[in-house]
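Letters are used for the chains, namely A, B, C and D, taken in the order the chains are written, and counting of residues starts over at 1 for each.
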Amino acid sequence: MTLTGYTAPLSPDGRASIVPPPPWHYSGDFMIAEYRADPGAVAALLPEELEPAEDPGAVAAIFADWQSCSADLHELTDPIQAQYREFFVVVGARFQGAPVSRCVYIWVDKDFAMYRGWVQGFPKKLGSIQMTRLYPVGKATPRLEPGARFGATCAANDRQIARLTFTLEHLSATAPRVNDPPMHNTRHFPAALGEEPAVFELVRAGGRDREATPIWEGSAEFCFYNDTLEDLQAIAPKEMLRGYRFSFGYTVDGVDVVGQHRHPQRSREQA
Amino acid sequence: MTLTGYTAPLSPDGRASIVPPPPWHYSGDFMIAEYRADPGAVAALLPEELEPAEDPGAVAAIFADWQSCSADLHELTDPIQAQYREFFVVVGARFQGAPVSRCVYIWVDKDFAMYRGWVQGFPKKLGSIQMTRLYPVGKATPRLEPGARFGATCAANDRQIARLTFTLEHLSATAPRVNDPPMHNTRHFPAALGEEPAVFELVRAGGRDREATPIWEGSAEFCFYNDTLEDLQAIAPKEMLRGYRFSFGYTVDGVDVVGQHRHPQRSREQA
Amino acid sequence: MTLTGYTAPLSPDGRASIVPPPPWHYSGDFMIAEYRADPGAVAALLPEELEPAEDPGAVAAIFADWQSCSADLHELTDPIQAQYREFFVVVGARFQGAPVSRCVYIWVDKDFAMYRGWVQGFPKKLGSIQMTRLYPVGKATPRLEPGARFGATCAANDRQIARLTFTLEHLSATAPRVNDPPMHNTRHFPAALGEEPAVFELVRAGGRDREATPIWEGSAEFCFYNDTLEDLQAIAPKEMLRGYRFSFGYTVDGVDVVGQHRHPQRSREQA
Amino acid sequence: MTLTGYTAPLSPDGRASIVPPPPWHYSGDFMIAEYRADPGAVAALLPEELEPAEDPGAVAAIFADWQSCSADLHELTDPIQAQYREFFVVVGARFQGAPVSRCVYIWVDKDFAMYRGWVQGFPKKLGSIQMTRLYPVGKATPRLEPGARFGATCAANDRQIARLTFTLEHLSATAPRVNDPPMHNTRHFPAALGEEPAVFELVRAGGRDREATPIWEGSAEFCFYNDTLEDLQAIAPKEMLRGYRFSFGYTVDGVDVVGQHRHPQRSREQA
């Protein structure tokens, strides 16, 4: 008998793995606020392979309320294995001259989604993410109509991370732009000893079978809180752009390696 | 200056109260499994003012995924104050000859909903409640169509409480019946000293401005787990009836007192 | 058969009750920071039966890490039923000329402790409470010695509530004073309809079989955060006094009613 | 400026990293139950580099309540960054003829501890872990004396995983044996695409500056629950051995790579 599994823990039948093998199907509700931050602070979060975007301070603050499953869909009838929410911060950049995007911070509320994220280059921490939902009946829900108001918050480690509120105005003619180009993240796994990573790859995220609802657009307010473990104030909004809301689904098979990073400490010594 | 508030903690402006004053608006998604349990065990959960229902072992296991708010709707843009899920067990009964229902056990995942429940006669404990959701796009979601499968689970105090799975068949011509008659619960608040309650009222729940989507019906499986703090095996399914899924909204202003219970210990002494 | 239980949910054997009947035994670790706030803001949190204390702005911010159980101790081998942490804010006052104390805000992390608190007049909300612990070995622990540093935090509803840090100096000759006089809280349970409470009693907490370790004293820093549902900035520290750490155990049988409050809304109309 | 950090997320000053660089200091309380399971099922959880132990069905079920910190100890005054609990299952084995141990399953309640575990070859999932604690005063605590009873539970994904209860008898002359030899775990990180891991190393855990209290020994009961995502019933107890309780501290600098695993799928094809 041989141990098997897409991830650890390995087991004779592979079922103990924290993440099942791809493909992974996703359906989710999205709220996005775009804004401009200090371009220098955004550039400081890019690895040396990426250059600043044409709009160098552009940032997207993204809240997502997901249901996901693997190929046989079995997680859908055991929803604790399927549902999670996340908040992530995406910046624009360029790679080899072409527009790309990059997730610089991300929080999620389930372990399988956290580890599946690390495998794809999303540096996920655990957090609590809350988003206003839509219901078809009753008074305790906004409707998809001008003037409807939505909110979202993220907290982690008992610290407030971010808050978004926005007001729908109309269906969007433009769609969110910051996170539209292909995401270029970093897969990072430390070595057994020492600070040089064992895995340190620049990867391009993809996905297929993309499907989305019409996108509502409106005015957004967004803030980061002060007492966070990360320096989020560095990329706080200086100018708010637009807010967006829609639902989105796709399927992911993995990510593509487009480069190997040099180790930052080593790079620093050479600089 | 005077302390004020619908509930404690009282404060000069009343805003610290764990529950804001009614009316409370609710919008929610529901999954219900009806079944028959041992009629004697169901009767044993009724106070002496209530008699067994015409179908004396009928039980409804209900999962609800709620958004709620108070009159000014301010909770809707701060969703941690608005959203909660709950699982509850409703049995049929008769009061003064008329069909009623009664919530015998209930678990919820937020403190404001827990205390608001106690005020209305729902004996809420904290739990974790999970329910399959519907999304408009992507492969990680069931659709409202025959054959679609949904699941729901409840756990509390790190113990598994209940699991429901069901399969949609068609729009329902009958609707769920067990929890349809007016709910007759017990408001119970212990005295400062001793075991006789300070508040021990039989109350009738109501609500107005009810609104619901069409109801899907199908075949359901439901179980209680063994290692629970309550004797849930006593009311385990002996015969499964039907499962239902729909969305529902209404507004609650409070409950009506229809009687005062005698103290159970005192009743027991007299028996 | 008759329904029984100290609290709801009532059941044939009473075991479903969210709180078992008293006596309740408690063992806990305490961290307390005393400070002075604006005396007017402290007075504004007192019911009309209580007058300001001799030191009218004195406040105690108290973190406690508890294990508790009922008479047969059965919770101790199922620790999820026994353990909880809480953070509470106690102010000084006078009742009929004698020094008393009063808990004005409190957060706790378990449902049984929340409801048991409401029964005793503690207006508990759910929160997450963290406190540095002592271990007998290893480097990842402070020791009970001068210079040792401890911290504690409270968050609720994904909002930061409070943070305490303090540094041990020496065994205390004085002990904490604000929460020393008998606590006079309010048992409050709303009516079935309307805003006038069904239970609205001024109660005195007691307890017996008190036992404590020697008390360490030191310098403390304490803050409330800004974005809270309660107006905690009103009672923020203006002058820090001392911090204390010790362990404490006692047994509670209930509380004594010492008066009936008039309804605040009614009082307000008369004012 | 260059991005830095021991782990992702990388940032200009490195502080955003989910795990700070080693050394990591640990102080913890332990409860261990040793038992014998089916030797074939234990062997089925060993990678091909490890052979069964001399006592081939021996298993240790270990609960630990930790405080940990990095070199400057800053986490100790912000306890949410320092404290976590975990439950893990360790089996005996042999590597190159010498006795070793191996962690086959593990659950933990914090993200930093989860990812720090993956770096060291512990396949950590999130869970809720509860353990009876000792307090110096009060009635709500066991004492370190014969007859004292302790309990511990683990749940994950709203499923019950394991329960331990044990009764102290006397100070131990032998100490727990299963987890005593050096732990040989597997560092496993999937590739960007496909099922073959990018990192798949057999590593030996070490640690220095070990310190422990005297070890109490007694009779233990232990069970795994049925409805788990992993096949835990395969390694359920067939014969209980002894239970142990003690506190332990040490410091970890990383782990040593002692071999490269072949990919299990590839091994399977060759078999």
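Following the convention adopted for this analysis, a contact is a pair of C-beta atoms (placed from the backbone, for glycine too) under 8 Å apart; a residue touches a chain by one contact, two chains touch by 3 or more.
Please read these numbers as outputs of a predicted model, since none were measured by experiment.
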### Message
Between 0 and 180 degrees and rounded to the nearest 5, what angle rotates chain C's CA atoms onto those of chain D?
### Response
180
### Message
I want to confirm something about chain B and chain C. Since they are copies of the same sequence, is their interface symmetric in residue numbering (over half shared, so same) or not (under half, so different)?
### Response
same
### Query
What is the distance, in whole Å, between the centres of chain A and chain B, each centre taken as the mean of its C-alpha atoms?
35
### Summary
Distance between the CA centroids of chain B and chain C (whole Å) is 30
### Query
At what distance in angstrom does the C-alpha mean of chain D lie from that of chain B?
40
### Message
At least two partner chains per residue is the criterion; list those residues in chain A.
### Response
80, 128, 130, 153, 158
### Query
If each chain is a node and each touching pair an edge, is that a line, ring, star, complete or other?
complete
### Message
For a test of understanding, state which residues of chain A touch chain B in their complex under the given definition.
### Response
25-29, 66-69, 73, 76-80, 82-83, 128, 130-133, 135-142, 149-153, 165, 209, 211-213, 247-251
### Query
Touching chain C in the complex: which residues of chain B?
1-13, 15-16, 18-19, 21, 44-48, 80-81, 104-106, 110-111, 114-115, 118-121, 123, 125-126, 157-158, 186-195, 198-199, 201, 203, 229-231, 253-257, 264-265, 267-268, 271
### Query
Can you name the residues of chain D that touch chain B in the complex?
128, 130, 153-155, 158-160, 225, 227
